[in-house]
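Just dropping this structure here.
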Amino acid sequence: MTQLAQSSGKQTGHIEISQVHIHLGEGSDRFEALQNVTIDVAPGEFVCILGPSGCGKSTLLGALAGHLHQSRGTIQVDSASVAKPHPDRGLVFQHHTLFPWKSVLNNVAFGLKMQGVPRKERLQRAKDLLNLVGLAGFENRFPSQLSGGMQQRVEIARVLINHPSVMLMDEPFGALDAQTRLMMQQLLLEVWARIRTTIVFITHDIDEALFLADRILVMSPRPGRIIEEIALDFPRPRQTDIMTSAHFTELKRHCLALLHPDSNHEPLPRLTPLGSPPVTRMQFAV
Amino acid sequence: MSALASSVAVVDDVKLPAKRQFNPGKIAIRLLSLAVCVLIWHWASTARVNLGIVAFQNVPTPVDVFHAAWELLHSSVIVSHLKASISRVITGFLAAALAGIALGVLIGRYRVFENTLLPPLEVLRPIPAVAWIPLAILMFPSSEMSMIYITFTGALFPILLNTIHGVEAVDPRLIASARSLGATRTALLLEVVLPAATPGIFTGLTIGMGTAWFCLVTAEMISGQFGIGYYTWMSYTIQNYAEIIVGMLLIGVLGMASSALVRQIGNLLMPWYTLQRKKS
Amino acid sequence: MKLKLTVLSALLAVMAAGSVQAETIRVAIGTQDTTINCATGGLLIRELKLLEKYLPRDGKYKDVQYDIQWKNFTSGAPLTNEMLAGKLDLGSMADFPGSFNGAAFAKAGKKSEFITVLSGSTTGSGNGIVVPKDSPVQSLSELKGKTISVPFASTAHGMLLRAIADQGWTVDKDVSVITQAPEVAGPALQANKIDAHADFVPFAELFPYRGFARKIFDGSQANSPTLHGSLVDSEYGKKYPEIVTAYLRAAIEANRLITAEPEKYSELIAKVTGIEPEVNYLFHGPLGLQTRDFTFKPEYRQAIKTSIETLRLMKRTDADLDVNTFVNDQYIRAALKQAGQDYEANLKNYARTPLKAKDARTGKDITDFKRVAQIWVNGEPLVRHYASPESAFADLAALEKSGKKARVVYAQDRNSGNKLLAGDAWFVKNKGEISAFLSKDQAEAWAKSKGGDVLNFDAVKAAI
């Protein structure tokens, strides 16, 4: 357990996004996904980016992860420019990306394997992390044998094993049912309380953003811009009863107004951290 | 572990695969279908059925074929025939597996290889085995190698194309996650791309094993004394029609059995895949 | 109404009349064009449209429409397959595949008959054994312990087994025999992948002519008579004997034409098959390697009998084919009679295709036909004949000096009289006399007993 606690005094995970524009698509399909975004995230802060579908929040996450490049502006983490993917900036997808051919334990241990950590040690550390997320006993199952919520927990554990200074989460609970989602949110807060990595959490669920974040950044529809910043002062650890408080409801009303100024807008297709929505190519059978 | 975490563990339930049922009914139906086919064949050949567009007057009866098969299986040369053919098919197949998988991964993964290697391979692909015979004889140091080359060409392309397909179909998010977890280029290839492409590769290997047998008769026309293909062709030359059918059926059975073997090996190596398939 | 009735009945009458008159009889013939000695039974008839000249048009054939179909094959087995399936009525092949044809028909409850010989050699020439050009092997005895390939169940296979037995060898113990079709053997010889290859017409001469092989054994050395001939589906023959006879008359006419102008028709065969005219002339020219024959000489009947016996061994069946009922000479006797020839007289004639010519150098008539040599000069339509190899070589030197080139030079083997490609042959020069031999050891044996120097073709040219 102590291995996982953040060592005191180290303030890593400072994100500085400065005047970033991101364009996606090629040729005539090229469009501006993000427009002049400037964000500063303090080390250990839990920030939610809230915005309508297709506004570019996943695109921003992708650039932070290092999978996309901005067309203008700079992105820095701890004063170093983000150029390519790195285990220090872990990425959690909405639908898990666990390796189907590896057991749950080996999936979680993967990051350590890439670092060259010997087998016995990395499997033990993976086991400890699985305990933390409540999956003790499921080490030798294959991902396809787990439910959605469990799969997401493994996905998170897999990222955490690298002690990332930044954890990037792309609507990680969006595919889960309401009850599982609530439990996962509570689990995340518990784990984060122990580890205190910087979290950038994408969602379009207002309740979720208000429940989880220190700060909410509201994004406009495409091209995405930050239109408002809302600081949240609900006490931690967050309890579920805040969701029925008056302050919560007021903030929710405010966010709703920001997100749905006119209901005539057609919702745009969802973007991913890897770029524009994938175009299906005609593949001829062998 | 907090109370919350442990409670979450209890609520989610795990789906376990159903135990594989031994189904005697299914086996009975399959055997019955084969028996019916043999009966129809028996009737058509003994009654010398002539439908105008296809005639069974000169087709040997199942009884003739059975006698010929019996004689072959009890002859002193059957082992030599089997050994010769099986070694040619397996060697050609293994060479094709090596080349097909290696080239397939390169072509599927790197555009430069796709642009340089794929065009010549696509030109060679439609060339039938028979057409390769003269070159095969000129290019290789021995007749045995020429024959192995022919079975190699038979197996190569299904393996190659299915590998390319399997590699190209790897979920890009898996690759992105692997990179975000610190995977190097080599690790990506070995830890992610190859395992992800394995189901596709094994599809190719299973098909390739069948097509290697397919080319066997052609291969053994090159020269010989032994081999099932040679036996079939020789029987044709001296008009022993029952033996021709024995040769055909033997190739069919051996092809089917070896294909199934490859598939089984694949299933053993891909336990996660069979689990996924059984779920649906 | 009346008009409609008239038109309708007129139409019906025409149709009825047409159906009675327009009987179509199929004449489907299978050929082996590349087996050039079958040319008179296939290629020549087809190309020169001789069949149409002789098909009956009287009596019961008065208003018949003939549907003539030609199909070509590279060996006998697929041809037999089609005859058995009822797709062909007549076909040409050698003695061995012919016997398999007869057996296959018998097994199917039908019958096929050998109706004529087209070309053969009572001594066995036409089949031969070759080695790769660079092989050190000069004779069959040197092939002990080696591997010889041969097209399976062919007339060459029969010869090879005979030759091996003559050496006192046992197959698989002293020598290994494997199957290889001629189209596959060619590349194998070129690439030196096979120790030796035995084959039928024209391959044992064609491969040397093309420069990648050397002939070391002629079928006559095994004394195994060989023939190519034609077969017919008996039922067809019984139904249309006149058509079968007409086919044979066409073959006889083709024979007459090629006897008269061998160079012209060798070129025609070359055009259709791709087999060089020089090789075609080797077989079809005067004093050729095989004799075109339409009679079932006792040697040929024996060859068929031997092939039936060997067939029993190979097929491991007791296919009982009686050579006396399998061979049916009634049609060819009738055809020869119609053509004004005598079957019995031809039966007794064992001479090669005769040569009536003058020595191109001296101008004198050639009377001795044991040492004839020939030169086919580039650009000339006819072959030059010479009474002796020395006369030919002298003329060759003169021709080359005047800037002319020889397409091919032929000489007769001193021992057997078989025509050879002089370019590959061995010679003994004894003062002025030059003798030709197929193999080096034969030449050396002659030189030892009669004196003289053993030389190859180029050495002889240089010595003139």
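Assorted remarks:
Order as written gives the chain letters A, B and C; numbering starts at 1 within each chain.
Keep this in mind: contacts are C-beta pairs under 8 Å (C-beta built on N, C-alpha and C of every residue); 3 or more make two chains touch, one makes a residue touch a chain.
This is a predicted model, so every value here is computed, not measured.
Both chain B and chain C are touched by no common chain.
The chain pair sharing the most C-beta contacts is A-B.
Nearest to the overall CA centre, using the mean of each chain's CA atoms, is chain B.
If you average the Cα atoms of chain A and of chain B, the two centres end up 45 Å apart. In terms of their C-alpha centroids, the spacing between chain A and chain C amounts to 86 Å.
Listing the residues of chain A that touch chain B in their complex gives 65-67, 84-87, 89-91, 93, 95, 97, 99-102, 110-111, 113-115, 131-138, 141-147, 149-150, 153, 158-159, 162, 180, 183-184, 186-187, 190, 272-274, 278, 283, 286. Taken in their complex, chain C has these residues touching chain B: 75, 77, 80-81, 84-85, 100-101, 103-104, 107-108, 149, 152-153, 176-181, 183-184, 186-188, 190-191, 193-194, 311, 314-317. If you check the complex, the residues on chain B that touch chain C are 55, 57-58, 71, 133-135, 137-138, 141-143, 221-225, 230, 233-234, 236-240. Residue ranges of chain B in contact with chain A, taken from their complex: 1-2, 4-9, 11-17, 158, 161-162, 165, 168, 171-174, 176-184, 187, 191-192, 195-196, 198, 204, 270-273, 275-276, 279.
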